[in-house]
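Before anything else, here's the structure in question.
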């Protein structure tokens, strides 16, 4: 850490200056968050228009996600699941229908910094070391420096990257980078964790291991999770409920409850119930 | 120990090249002077040992004048860099400003800027100002263009991440765009630094009170009997150019150490 | 099959961000607009504003200049900064000589750039083929890049005389380094898998160069060429300041000395036009050449 | 890794601090030179070229305190290849400039507010020099040869010479730009090079040529000479500072007289201005000798130093007009004034 202070001499100096002013403004916010996450989508449609064509990406999607629930959005490519996630994240706005997050608009929720997002790629900032990347949302929240350090340390422990905290992203494998991204998303203790196929670029082994790790992290954090995937086993293993989407136009075709007990273990993947769920979900696709 | 041997091995070829070139030069100088007996042989390829003698004799003068050139170039360079960065930020913030200035920025890149030197000199009343202005002008555009490219290079997901944090615009610049633009900024600065020195020397060659270009000019003027001193000033000029580049490179290592170029630690395998 | 819509999807969603623009989202929208620009249908109108706006600004500047607003603002006399109309007049009056001088300067620049680029490329080839010693040499060539050209001018004059040769030599030296560095980068940043493929064909060293490295370096080569167009014009003109009896650089420095400011400025205008044309030609060549190149690869 | 880090850090610090010191020291130099006495009137003199014995009189006047005696604080600004004294003086960068009449005339025609107040060099110092082996024994022999000049206002005497002998500069010979060195001549690229008697010609001699090896065409002998080093001022400035201008000229001419009388001391004062290592004392002594011949030619009345010769000025202006230096015949009444010289001589 000594390197920081010398190498980034100027940068750090200025950062500290801006940080102190930030802390004064909203240092209290993170302490007084009221935990009432709940996502409601009512008849949400999304129409993409160009001059020549119109594509209905989502049609009349109505969902209701409970607080602390782990939900997967499952479907083939082009069914609009990413669009749906982005609507929830307030990255885009639906052409029709309404979305409520904890009774307020998605925008309000975003401005209140209730979201943690994990993208398909890790999207780490190259110029920040691992710990600084995890630190990023805390800096934005204006958390005090000492507290930040504590929290980053515990997050690193959580994702098992204590030894890599002073490394730059390029020095890490793809799986490690994605774990950093998750740690970063968790850093602000978001009420809602939105994950857009975060493990799709990984091999099957790392993916299954990370699935398990994600669950153990979630059990400690307790956020509401919306998880986009096109892998049926992954969605079953992780979720309380699986929202199955079908394409052209993208709509919600069924909701499958996953009654498997928690904590979930790798062994469950071989259980008859697991296989039954897989074939149930598969059927619901064929029904389309 | 370990590091040192790596370093040695890494720089050995360059070192050998330099030695080789020096020997070749001495030989060529000797050949021209004694074998082919070319006119003005020592002006064309002077003996390096004579240059070293000149250096020891007039080291102070060379140092003082070199310093004057370098500080003028540096002031102009800093000024140009600050303006360039400012314009790049403005262009990245406002489409309007960009559309207005970008075509001119690109066009001016293609204009032989140094050709402007005599005119700037004619308009300005002060050589110091002219030197600084030209060094700054040369610096301005490469820095602005490269910085803008850097600010733009930010990838959409990285921006969405900021958006999801409800980051304010200045936060996005501070935490994301500026650091992401640093490599671009430095490549612009590395292009501009030697050019700034060139600009300063050019103005000095046109006539000035001090600077390495001034003694370069005077030694040229007073004929071949001053050729060692002239060559010494050329070497000082080259040295200043290389120095300016190295300084920027070194700064880059500190301020933007994450870049791919710095990743390989060893030399040749 | 499914891939295309997805790709489009992303485009649209970006556009959607633009629509949602709150005051916070503004910078986000900027990027999206840039990326999508070319896909927009109302491209034409956009292009129009894109060229019109700077054009109008340019015209206003020239008018302010013509009406001596700058002169009164910065306390300048017309003999210091001549009016655009007198510059144009000087250009018309001297069009024949300006044209022939522009041709002279351009030939120095083009020839020098050709020599410099060929030499630089040659250095890059050697440095890639024998990396251990080549790289050391490359460092030295790279440092040439930092040598002030003005110091080169008198030396080149000694070596190559006061004719075109000395300016060609200056331009050669100025352009060599950029080409060597860029081409070397292009040749050494080769996909390792492609190299393995070459090995699997038992390709000889020169074959690896012929089929892989040279082709791979092409985009880098063109980057260097584009950088070099500017550098070569600067080199030729500054070289002419000193010993030439012809060319735009000679005329520029000479007309200023004999108080023919408008003529001096018209030299700058002509040099600027020549520089831009030179650049555009190289850019055009890049388009043609690289199109051919990529179509070869598919 | 760690050691690397430490080394980097140290280097960084060294770098930052050297930069800082460099910038600071540069600033210091500037501020230190600005101590002017309240009582002295500041005058800025723009040289046509770098400090050398060509301007010895002015350096002498500073050194011997002649300016101070007149109540002036004179600052001498060096020139260079692209410094145009006429433009500097018109800009207000200097009050008084030294230039050539052939260069002053076109600037006056362009509307620059300038007027000549004194003519320091009574003769032209320009010669065309060639090596004997080239075979130029008279100006007619220039036909078919390569002749060099610095151009930029210095070429008109040569053009007049060509004209006198019916040589067309475009078809009968090749007239090329010569750098501010004699390199082209020495290496044989140019057959006949322009040279000032007081500098370039001396450079050639210093390179081992004997005067007998060379053939010289003197513009004065050929009747195509133009007036060279003069003193001119900004008209607006002069209007309000006639006294100052007269004082300046008086002290300058006194400086020249002293310099001609005591070349050794004059050269000492020049050498203290020239950068160490850029010129030799011997060379400047030679230059001083030659310059003296131009200021005080044989048979010239020492009392008339600095006087503007109407006839010679007219010859210069006529040549200038004939060769397109100026488009209209010069308005001699406005081009120069005897007023200042008269004021100088009044006392």
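Order as written gives the chain letters A, B, C and D; numbering starts at 1 within each chain.
Definition applied: a residue touches a chain if its C-beta (ideal position, glycine included) is under 8 Å from a C-beta of that chain, and two chains touch if they have at least 3 such contacts.
Chain-to-protein mapping (UniProt): C = ABC transporter permease; D = Thiamine pyrimidine synthase.
All figures in this text were calculated on a predicted structure; none of them were measured in a lab.
Asks: If you tally C-beta pairs in contact for every chain pair, which pair wins? Let me know.
Replies: The chain pair sharing the largest number of C-beta contacts is B-C.
Asks: Per-chain Cα mean versus the mean over all protein Cα atoms: which chain has them closest together?
Replies: Going by the distance between chain centres and the overall C-alpha centre, it is B.
Asks: Relative to chain A, which chain has the most distant C-alpha mean position?
Replies: The chain farthest from chain A, judged by C-alpha centres, is D.
Asks: Centroid of chain A to centroid of chain D, CA atoms only: how many Å?
Replies: Computed value for the inter-centroid distance: 78 Å.
Asks: Can you work out the whole-Å distance between the CA centroids of chain C and chain D?
Replies: Each chain reduced to its C-alpha mean, chain C and chain D end up 40 Å apart.
Asks: So the centre of each chain is just the mean of its C-alpha atoms; given that, what is the distance between chain B and chain C in Å?
Replies: 18
Asks: How many angstrom between the C-alpha centroids of chain C and chain A?
Replies: 45
Asks: Please list all residues of chain D that touch 2 or more other chains.
Replies: Counting only residues that touch two or more other chains, chain D contributes 12, 82, 84, 87, 91, 179, 181, 183, 187.
Asks: Which chain B residues sit where two or more other chains touch them?
Replies: Touching at least two other chains: 40, 43, 118, 122, 160, 163, 166-167, 205, 220, 254.
Asks: Would you give the residues of chain C that are in contact with at least 2 other chains, written as numbers and ranges?
Replies: 17, 24, 80, 154, 158, 241, 253, 256, 261
Asks: Per the contact definition, I'd like the list of chain B residues that touch chain A in the complex.
Replies: Spelled out, the residues of chain B in touch with chain A are 155, 157-158, 160-161, 163-167, 171, 174-176, 179-180, 182, 254-260, 263.
Asks: In the complex of these two chains, what residues of chain B are touching chain D?
Replies: 3, 39-40, 43, 54, 57-58, 60-61, 65, 67-68, 70-72, 74-75, 118, 121-122, 125-126, 128, 205-209, 214-215, 217-226, 229, 247, 250-251, 253-254
Asks: Which of the residues in chain C end up touching chain D in this complex?
Replies: 77-80, 154, 157-158, 161-162, 241-245, 250, 253-254, 256-261
Asks: Help me check something: in the complex, which residues belonging to chain D touch chain C?
Replies: By the definition above, chain D touches chain C via 82, 84, 86-87, 90-91, 103, 106-107, 109-112, 151-153, 175-179, 181, 183-184, 187, 189-190, 325.
Asks: Which bits of chain A are touching chain B when the two form their complex?
Replies: 7-11, 15, 18, 89-91, 110-113, 115-117, 119, 121, 123, 125-128, 136-137, 139-141, 168-170, 188
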